[in-house]
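Notes follow the structure.
Note that the chains take the letters A, B, C and D in the order they are written out, and that residue 1 is the start of every chain.
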Amino acid sequence: MNPVNYLYLAALLFTIGATGVLIRRNAIVVFMCVELMLNACNLAFVTFSRLHGNLDGQVIAFFTMVVAAAEVVVGLAIIVSLFRTRHSASVDDASLMKL
Amino acid sequence: MEKLIALLIAAPLLGAVVLLVGGRRLDRVGHWVGTLLSTASFVVGVFLFADLLGRNAEHRTLIQHLWTWIPVEGFQADVTFRLDQLSMTFVLLITGVGSLIHLYSVGYMEHDERRRRFFGYLNLFLAAMLLLVLADNYLLLYVGWEGVGLASYLLIGFWQHKPSAATAAKKAFLVNRVGDMGLSIAIMLMFTTFGSFAFGPVFGHVDGATEGKLTAIGLLLLLAACGKSAQVPLQSWLGDAMEGPTPVSALIHAATMVTAGVYLIVRSAAVFNAAPDAQLVVTVVGTVTLLFGAIVGCAKDDIKKALAGSTMSQIGYMVLAAGLGPIGYVFAIMHLVTHGFFKAGLFLGAGSVMHGMNDEVDMRKFGGLRKYMPVTFITFGLGYLAIIGFPGLSGFFSKDKIIEAAFAKGGTEGWILGGAALVGAAITAFYMTRVMLMTFFGEKRWQPDENGAEPHPHESPKVMTIPMIVLAVGSVFGGAFFSIGDRFLKWLEPVTGHSEGHSPVSAGEITIATMACLVIGVGIAWAQYGRRPVPAVAPRGSLLTRAARRDLLQDDFNHVVLVRGGEHLTRSLVYVDHTLVDGVVNGTAAGFGGLSGRLRRLQNGFARSYAVSMFGGAALLVAATLLMRAV
Amino acid sequence: MSTPAVHSLWTTAADRIPQIGAPKIEYGQLSPTLIILGAALVGVLVEAFVPRRSRYYAQVFVSVVALCAAFAAVIGLAADGYGTTKAHIAAMGAVAVDGPSLFLQGVILLAGLVGLFTFAERRLDPAAHGNQVDSFAAQAAAVPGSDTEKAAVRAGFTTTEVFPLLLFAVSGMLVFTSANDLLTLFVALEVFSLPLYLLCALARRKRLMSQEAAVKYFLLGAFASAFTLFGIALLYGYAGSVSYARVAQVVDGSVTDVNPALAGTMGNDALLLIGAALLVMGLLFKVGAVPFHMWTPDVYQGAPTPVTGFMAAATKVAAFGALLRLLYVVLPGMRWDWRPVMWAVAIITMLGGAIVAITQTDIKRLLAYSSIAHAGFILAGVIATSKNGVSSVLFYLAAYSFVTIGAFAVVTLVRDAGGEATHLSKWAGLGRRSPLVAAVFAVFLLAFAGIPLTSGFAGKFAVFKAAAAGGAVPLVVIGVISSAIAAFFYIRVIVLMFFSEPRPEGPTVAVPSPLTMLAIGLGVAVTVVLGVAPQYFLNLANQASVFVR
Amino acid sequence: MSFPLLTATAALPALGAVATAAVPAARRSAAKWLALLVSLGTLALAIVVLVRFDPGGARYQLTESHSWIRDFGVRYELGVDGIGVALIALTAVLIPFIILAGWHDADPLETGSRRWRPTQGFFALILAVEAMVLISFEATDVFVFYIFFEAMLIPMYFLIGGFGDRAHAQGEEAAATQRSYAAVKFLLYNLVGGLIMLAAVIGLYVVAGNFSLQQIAEARANGSLHMATGTERWLFLGFFFAFAVKAPLWPLHTWLPNAMQESTAPVAVLITAVVDKVGTFAMLRFCLGLFPEASRWATPVILVLALISIVYGALLAVGQRDIKRLVAYASISHFGFIVMGIFAMTSQGQSGATLYMVNHGISTAALMLVAGFLISRRGSRLIADYGGVQKVAPVLAGTFLIGGLATLSLPGLAPFVSEFLVLVGTFTRYPVIGIIATFGIVLAALYTLVLYQRTMTGPVRPEVSKMPDLRVREVLVVAPLIVLLIFLGVYPKPVTNIVNPAVKHTMSDVQKKDPKPEVEAAK
């Protein structure tokens, strides 16, 4: 099957992720959506690497995973501390600062 | 010899500086210092006069160049004095009469604690006036011109605590400023036309200039003259100027400053001769004013205002004469000099009367004063005879000549002008007789004022009467002295030039006519104020009378049109400046503020809406980039 | 995928192994980055093994030494001519060592050093229970207002982890400015972003706001980096490589040997355009350009002020460094596509930042918006696409970063019961209470406003000059207008400080330790020197304005 | 290389400012004396400049030139022509009087921290302004000029906003807000002007590649630099706008009344007599010097604006109820004359304009400072609150009158010479405009005399009955100014001699010749 379809899939996933970030309230979910976007990127990378016939894309995919993992560490730490303070993980509750 | 000219001005100027800067420590001697220095100037004048007489007519012009005043590329103004017969005449008049009035003031201002300052101002005036008549170019003349304006401002408003005085002073200065505007524009016009504004070059190149330009210059000079000499339409300030101390009225607003306009016109003879239209306007202005002043003079009960009206009218005669051109110039000046004598004398007399009557000026509260203050009565009387042109006295000669010249203008103009002059003579006779009668004849009409102080009319001290006597002598013999053998004519001719007009009517006839007018005027006055007693309160009087009392509504006109209009204009402009000009700027600022307030709301604190803006931004970015490639 | 495919993949991979040579790394030329990274790791060890009371000193020592050493290394490299003649690409094409990177690394390191001083400040807050405290939470894990927190405070805990975090961030930035392939770029981006996210959350006072700032920054940052990554993916797809050189070649079409199998993707401009746009967007986010700026005010306000200062200065420098390299090295071939777009961005950024700032009431937010406006000004220089443009941007960044850190350092001094008194109304009459501090702050504000004889003016002039020379006259005019608007609110603050009566309950000005004084003093010195005699630094920027390709 | 005289003249007050600011809070009077001495020292240096300057010599003299910011094409280039010298002298002369007049204006009432040193600040700021003004009169490099032209705003801003009249009608709080409004207005107006000029300056760099007046002039002469007409006009407008704000020219004038009204009299003098002159000076040197074609192109419009300023300013002055506002609007009218003289493009006009800058400086100083003394006595700026002062304080009244007469340019006082020159210069080329402008002299008489009448004459108001006359310090301030007014009124030659050659140069810059009188032409 034509690998380009994987690209479309990647684009689709990316869009889903982005949409999720825009519409979901729960910080965790929002964060998951970001991860989804990253994975979409990975998919794209792998596909392109396949198309180009070089390994760069695949290597990058691994890097991306590592970075994502790091993000998780930091992100969860922040979100958890916020949750413990406010007893809510809603992104919208955290809006002290505005205007 | 010409080195002395500067001294003429320097002496009184020094006096002014010393007296004004000197401070209180000079209070005791101040007035004598002032008088001394003005007399010194007079002496120098006489000295120079003698020198001039010693020369033959062609070489009677002395030039003294002091320094280059304003040297700018293509523009040269020097401080140079020119002493010729014309300015000599004025120098003697100014310093002579001036010194007398200084002397008079020593007595008159005795009880004023600011007497030193008064003399300072008087000296300042003398200096400025001398500068005016001695200047060799119009710009320097302009300095003197405004200088006398300043002095007059200071002296009219000398009693500043009186709001009326302060207002009158301001008014005088402003009205004069309008005239000065004319003078300065005239100077500019000369500069663009002749590339200079010194007498020599300008008069020398008159033939090179178009008549249009010359007419313009002439009219502008006339405007200046109107301001300074209180000619219609700029005459309104003179009446109010009487708020000043009487010596001031005598010196500045009768004898000297107000005649500066006549000097200007005669001095600019060359220009006017080449601009007949301008001359015609001059004569018209003169005629109108001589009637205007005379009429106003008839209605005033304030002795000084009446005399002011008469001054206006007499200067009208001079301007008329000056407007007639070579046939009139000499007589304009001659009348100017004689008028200097008798009008100054009259004012001093009036001052003396007021001095005796606790500064009362309303003639209806006088009456029968001749037995209380004989000297004043006699000197005043002689002045009176002189001004109405009683045969043999100075007014008779000078005014007669002017009327002749007016007729000599020829044609209908001649008849009109001459006729008007005659009528003027009649009215003059009337109002002067009125003044005379109301003041010195009839029974006494003064009552104790509100705090019961009955005025005790008394003769003034010597220091005041002597000047009056001297002036009276002058006003008696001056005219005769000048006219017999045409002394004055011969003296002045080289400067002003002279031509005998051919009058349609002979001199004799005119004299008779004048006499007739004189008799009529005096007669009517006698009928009104001599035979029956004068009412202590003015009767309502005819429409004309009432109008005349209000200076023929001239002030009302000014008030409505200029003052009110001006106030509205400025007020609305202040509003405009605040709302419009400022508003635009503040509005812009406010606009940005509002915009900021609105944009600020986008920052609503919700992370997700930030994400939306990012997402949208990204979309736009992508779209734009693609678009760029597309187009 | 079917199993045989997998198997074959393995085998193919297997017999290629011996052919993989050891990578060649020019350690010397990477030394600045390596020093910082090493020091950061040492910092971690310090946290692990050094007893609590001496940690602070150990950490400060390590960090200062590391930053100074790294700066020395940068100077050394520059002196060796790596900035000019010897400039080349190190680490197998991953990192460029050239003028811009060295210049910006120098700036970042200095900014880091000065920032470190403000981090290490312990005299501002009144000592809690006899132990000096800095502006970071006693124990980040403890819930605000909880007993654990009180206990932590009583025990005199301090979050000394901030120092290694700072170093990690710095190291990331160093790489970010010199990254020469897209992968390195992305990794570096994350390496300096993640520590900053954490630092934002560590305020001692106003912890709720601090945490909120962290969350916002983190989520939006992650969101942005996702876009970046996708952009990178697309570019990779377009060019078949992530190395700048290669991509650049493909972009300007100098590579023609297209593998027919890839005809579909290679040279497909849609990929290029979209990819580039997304990548640039990621950088614009870091720069804080409208419309990707909205995190800036909130984060700047919520984060601990020292962090804000460091962030505002260093992040901008790093991000602009990367942006410059991207636009000048990778994408010059499509200049005509991105220039108009960047025009638009620059314009709305300048105006937007200036206008919204007018009505701000919190000093930190105000500075945030001003930083947005400044981003716009710098973009104007970026757009010039000329050697002058680069040098002017470098100069501007150098000038700007010191002013910013100094300004925020002053903000830390003005305190009342609730910690820093950031609401403008509390600054009323500061000039009467403590003229010196007010005067210093005024100097910074004037520099922001671009008044002559301050570094701000020199920078602005350089940037606008380059832009005008590059034909962007309208941009200059708009820039001038928006700086007039901006002037308005800087002036407002000055008016407030000097011309309004001091409030009785107004804030007090804490007397800081020499550290903060040093930070502020440096800021003032640089502001004045770069304002009065900028020529030397302009020369520096000029020499450093050539990218290696 | 020789002693950098021009730098020294500016550096002395600059250092003096620093020193004054450094004087400890307790030693207030020390600061005052230090400032006074420094300003006198500057005056001495200015006199040296005046002596060393040779009117017949090169166009720019005492030149200094050092590389400064090569990348911006900026050289630190100083040099003075006659116009510059005249204005340097004016500045150096006025500052000591300003300091002396403001001797007590900055004595602190309110209790700030012990480190709050308003007095030191006040005098330091004045000296700082002097330094910057002097440099901008000396700069022959556009950029150098621009830098100080802009930087000048900051100390001025603090002077306006930081120090105001005592005993304000609506109380200190209201006064403070009005002051800061005035200060902000001043700053924003001028900053906007300056920033627009900045755009033009950058444009000039793009076109010419450097900022040196001489180099640009040479480049134009030898044709190596050609400005497209459109470009030149845009740049001209950019420059002119800034100068018109500073001057101030209608309709950009509204900041001046506020600024002068709210600031203390000495500061008001500093604004209108010294700082604003930089604007008109710059028109003469930079607008005409750099963009002759555009200047000629813009002349009609500018003349009309100037004319409006003259009449409008005078009329508004008549309508004012606040003494200082009145003087401010009078100044606007006078600046109209100056601008008119500059753009009439005749020798008389431009010499007159330069002379006018000097004379207006002195006359306004005299009038405004006396007004300040008056206000400080009664604690009110409203004309209506006065009356009959002449009786209780004759010297004050007398000096006030002389100041007023100078303002209405009475012949014999300095302003007359310049005003007449400007009028003549304008009249020779634009008669109608010249005539309308002449109406200004009547209006001037009106507002001056009305002011004098309402405040000084009439019955003595009880509030002023105890008013003391001028003190020695105050006489020391006013007397020399009056002497100067009279001297320059009767003998302006020293100034014109210096100015004329410079004007020749500007005339040749704009390639204009004076129109010939028609009678000469006829011959």
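In this section, contacts are C-beta pairs under 8 Å (C-beta built on N, C-alpha and C of every residue); 3 or more make two chains touch, one makes a residue touch a chain.
Protein names from UniProt, one per chain: A = NADH-quinone oxidoreductase subunit K; B = NADH-quinone oxidoreductase subunit L; C = NADH-quinone oxidoreductase subunit N; D = NADH-quinone oxidoreductase subunit M.
Since this is a predicted model, take the numbers as computed values, not measurements.
With centres taken as mean C-alpha coordinates, the chain found closest to the middle of all protein C-alpha atoms is D. Comparing chain pairs C-D and B-D, the larger number of C-beta contacts belongs to B-D. Between subunit C and subunit D, the centres computed from C-alpha atoms are 46 Å apart. Centroids built from CA atoms put subunit D at 37 Å from subunit B. Distance between subunit B and subunit C, defined via averaged C-alpha coordinates, is recorded as 81 Å. Averaged C-alpha coordinates give centres for subunit A and subunit D that are 65 Å from one another. Touching two or more other chains at once are residues 215-216, 219, 223, 227, 297-298, 488 of subunit C. Looking at subunit B, residues 589, 600, 603, 605, 607, 611 sit in touch with two or more other chains. Along subunit D, residues 188 each make contact with two or more other chains.
Interfaces, counted as pairs of touching chains, are A-B, A-C, B-C, B-D, C-D.
Listed in rising order, the residues of subunit A touching subunit B in the complex are 18, 21-23, 25, 30, 91-92, 94-99. Only residues 188-189, 250-251, 253-254, 312, 315-316, 318-320, 347-348, 351-352, 388, 390-391, 398, 405, 410-412, 416-417, 420-421, 423-424, 427-428, 431, 434-435, 438-439, 441-442, 445-446, 449-450, 453, 456-460, 490-493, 496-497, 500, 503-504, 507, 514-520, 522-523 of subunit D touch subunit B when the two sit together in their complex.
The touching residues of subunit B, when paired with subunit C in their complex, are 589, 592-593, 595-597, 599-600, 602-603, 605, 607, 609-611, 613-614, 616-618, 620-622, 624-626, 628-629. Across the interface of their complex, subunit A is touched by residues 600-601, 603-608, 611-612, 615 of subunit B. Interface residues of subunit C facing subunit A in the complex, by the touch rule stated above, are 140-141, 143-144, 183, 186-187, 190, 194, 197-198, 201, 207-209, 211-216, 218-219, 222-223, 226-227, 229-230, 232-234, 236-237, 240-242, 259, 261-262, 264-266, 297-298, 301-302, 365.
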